[in-house]
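Next, two complexes with chain A in common: one pairs it with chain B, the other with chain C.
So, the complex of A and B:
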């Protein structure tokens, strides 16, 4: 439907001309061609059901230029608030481009620039998703990570967004492939520098082979007026496991728009998907978690828990869809979203969907919204806590429940500190 | 105004049609298709005042602009409807189809027997000619008289337009405006009849409306329009539909129901819908596109929707509540059963506007055969809905691996003090439950009926008693042949 697309957007021919020749081989060129056609039709508008809570009108009005065409962006250090993780190799991208000088020396793991020989590219994130099409059309260079056996070192990708005099757009692409039985931990920190708005459009594809495990921990803390629309496509083969935790924090410095969209396809029997997340936002931040889990094989498990804390005039969105195909018998799918309001002003839109075509399944979802229970506050006040401390304690407790889903104790601790930092900043602001 | 040639042509056309009209009025049906003349024809047949015709025409003209806006978002698949290929008016006179029950399809009679429907009602429902002086008529008349004494207005809407124009004009279209949606707009233009109910201040209506009248109800046609107004402090329970399968040849139904609840009033609206669902192969069956909405305008007003949906090939129906009055509450209880190739996309909308408003949604979807059953609901807490509360529970039961159950809830909250809770589950009849029942000597069908009735209990309990008993039997009948 024409009304559901925004045809006037900044990613037309002029943008393509500035992006230069991105030819990388016959296969990628063919993918790009399909993607360009999709982009030519337009970006999703407010009448598009998948984007009704996060319409891209504001994005479409910014005159972005490709990051490669901006010669006045110079990032020489990694911002100090980006945490260091133990036993992890840091890989730094600035506006989507790999920075060897800012990164650790890569050893012990196979990380290469993405090339035409990466046959898995475009398999799990396809151009029928408009923002994946945009990424495919314009990604300048990407990373291919392959894991074999147990990888003792985690890969920590730090993606820094920064604009010069003009707003820039960049489209980082990461492809993760695993050999059967492999185990890999991927940590991502998405941060931004203040200044002109920018648009980060990362796409990550993760292919999990039989018996392989991928742990992924993502933080999006781009506390500036940026657009961060990230899409992840995952496929999980038999007995494989994908365990992810996404954290979104923002609101003290800017009014960014964040969407973290994850599509996971459960393709093999006995596979598992654990998809969890938390967000704490204030100011005018818009944060959207969109998940689609497709169960196409039986005997598999998917569990989702998302929790959000909303302050200021922020807007939280959770759209989660679980599809169970006819033959995916004995699927166990759970989904939960809980939102907590801290003030009058924020809004939240939730849409947890179930589409079930198999009868021998257990599927459930739950969703709640509300504010802190006055009884709980009274309980703490009666024990001598001042109201603000009591509130912070309860909010921390609310989020801790979600953070507990993080399997790695060290990552959990670092994420916990980031959440505590957000609460402190919030406390200081009020 | 100067009479340009175009105007002259138009006048001539109208005159010609006028001539044709007279003959048409004498016939049972208006010509096929939909245009302004058909609407004028319907209005003339109903002897409506000018304002009513104007309203119909306004709706029709708006409907013409909606050609691209026929809803496509529901999980329903059916061939595109040709709106010019239907009759929009058939005289309400029911003609007897059969001389006696012996001529009626034995399958239908078997169903009536299972539902425990009295013989007389069976004859009415199957379309058998019935002697004019039968009991129910006098019963109905007695009750009508009593209602009149109490000040209750309960009449066909076409009659109310004439007898109580001030009430109809004030409230008609005030809950579902003529521009509301594709099907509702169509209904505004062509509705043929329906019920009008007004309960005066402070009156608790002493009987369930329509229970005693249902067998006397004429075929109100495919575009039914119902308007119920509960004045301050009043209470009414209204029953719509019938548990028995009805003979109905109209394929497209687009009804509109509007409820208005003023201060401290309560409306309980119960529906049992069992229209022809099509055969085992999905051929035929009713397309049911209904817009039902209640405006809880008054303080502490209350509306309760209960629906048992077992019939129709396609169900598109979302009985909603606009909770405007402070402390008002809306409840929605639904059992939707789909079997064979039936498709249902049904649910509710609870729009919380006023303070301390509350809503409760209990939806039970049962899919069997190759059917598709979708719950679609919206709970919206607007900025001023302080301390509003909602509780939603949607459970789906799947019988067989060729059907599907979908849940699509929308929760939109703009108020920090408002609380929403939503939970949904999907399950099947467990082998253990079946085994337990079979072991105690029940047949497979009895066992399924027992288990499914247990699953729906919370909803069926909200139905008026005699209706609930029939509904329980209906649940069992709808699922016949789905197991084993």
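So, the complex of A and C:
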């Protein structure tokens, strides 16, 4: 529907010309051609139901240039607040491009530039989404990660966004494939450098084979006026498991817009999807978790828990759609979103959607919104805790059961520290 | 100088006057009991001493060691040595009891210019105290008061009091919801803290608690006023005769 599209946006022919030749082989070229046509029609507008709460009007008005055309960006170090993870190989991207000099030596795991022989590219349910089409049209050099057996080292992707004099857009693309029974941990830190806004448009596709397991831990920290619109498409075969935790932090500077959209297709019996997350935002930050779980096969489980702490005039969104196909009997699907407001300024939009065609299923969703309990605050005050310390303790307590969903103890500790850091910065700011 | 002096204290909630001129003096080492029927203003008095919001103090003074408590925030009063053991301790999900205890101990230490307590010292201290109070080891790893029985919650309050070593402890119906064994343990915990440089205000509806925590002075409170004061034998008279004669007056 043309009326629901924003046709005036910066990703037209001029953008394509500046992006240069992106040819990567016949198959990818064919995908790009379709995608370019798609983008030519426009970006989703405010009347588009999926994008109602996260309108792209502001983004569409920024004169982004492709990162490849920005010759005044030179990132020589990884920002010091990006954590180091134990037993992980760090792979650094700047504006979507792999930086061997900033990365660990890659060994013991199969990470390659994405190529035309990666037939799995564009095979997840996300392929037709507009922001995925934008990525497909313009991704410069993607990464293909394939896992066999148990991978003892995690892959830690650090994606740094940085603009020069002009705002840049970039489109990181990652494809993860697994052999049956493989186990892989993928950690991602998405950060930005202050300056002009930038637009990160990452797309990650994860194909989980029978009995394979992928653990994914993502942090998006937007401290400037950036746009981070990320889409993940996952398919899970029989008895496979996808366990993800997404953290969104932002607000001490700027007014970033973040959307973390995750689609998981449960294709095999006995598969599991654990999709959890937390966000802590302030200032004018907008943070959106959008999830779509498609239960195509039965006897499978999907569990989601998202918790948000909102300060300033920030805005949170949770859209959770669960579809259970007619023959996906004995599906167990649960979702929960809880928001905690630290001031009277923030707002949230929550939209659970259960579309259930099977009859023998268990589905549940819940959503709550509230502020700190004055009885709790008085109790802590009566034990000598100053108001800021009391609030920090209660906020950490509020987020605790979400963070507990992080299976890896080390990652849990690092993410906990990042949340504590956010709270301390907030304390200093107020 | 008395440890605590309450002089002609009047407090309102909205338009309703609840405390109608309370005066009370507690010296170091003394245990005072306040007894009274439900709805008489006992919890209001303890909340006003501890600095809870929502009360309009229209007259009177509360002095701790001669210092005006009413001008301090609740947390500053606590750090100055006021401890309120709650009638209904709140459950705080996600905050482990030990994390809370450590934060509370450190708030006090910071006030005294001391460094934060180290992890080993903290564990040793807490282990010793919970043993004396008959608290299970795993309780301190659980979220504060969440899923605790009535008795466990009250023991947790006494544990906090023991660790924070207050100058003035106000116990608001600490006996409510306790079976006799828990009542004995809690009372022993309180008695162990009696000392010349500490004062207690023990609020109760029943005389039973005062068999275990024997007070130096007993006050009867009805309708927002202290209507009679005496020694520990006053509690026994009340138990036998009830509050009727004071309420009628």
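Note that in this section the second predicted complex is superposed on the first by the 427 of 430 C-alpha atoms of A that agree within 3 Å, B and C clash if a C-alpha of one lies under 4 Å from a C-alpha of the other, contacts with A are read in each partner's own complex, and residues count from 1 in each chain.
As a convention for this text, a contact is a pair of C-beta atoms (placed from the backbone, for glycine too) under 8 Å apart; a residue touches a chain by one contact, two chains touch by 3 or more.
The structure displayed is predicted, hence computed values, not measured ones.
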item	value
Contacts of A:394 with chain B and chain C, given as first, second, both or neither	second
Partner, of chain C and chain B, that touches more residues belonging to chain A	B
Touched partner set for A:384, first chain B, second chain C, both or neither	second
Which of chain B and chain C A:102 touches, first, second, both or neither	neither
First, second, both or neither for A:344, with chain B first and chain C second	first
First, second, both or neither for A:69, with chain B first and chain C second	neither
Chain C to chain A touching residues, read off their complex	50-53, 73-75, 78-79, 82-84, 86, 89-90, 92-95, 99-100, 103-104, 107-108, 111, 143, 160, 164
Touching residues (chain side chain B, partner chain A) in the complex	73, 381, 396, 398-428
For the chain A and chain C complex, residues of the former touching the latter	373-376, 378-387, 389-390, 393-394, 396-401
Chain A residues touching chain B - in the complex, by the definition given at the top	49, 326, 329, 339, 341-371
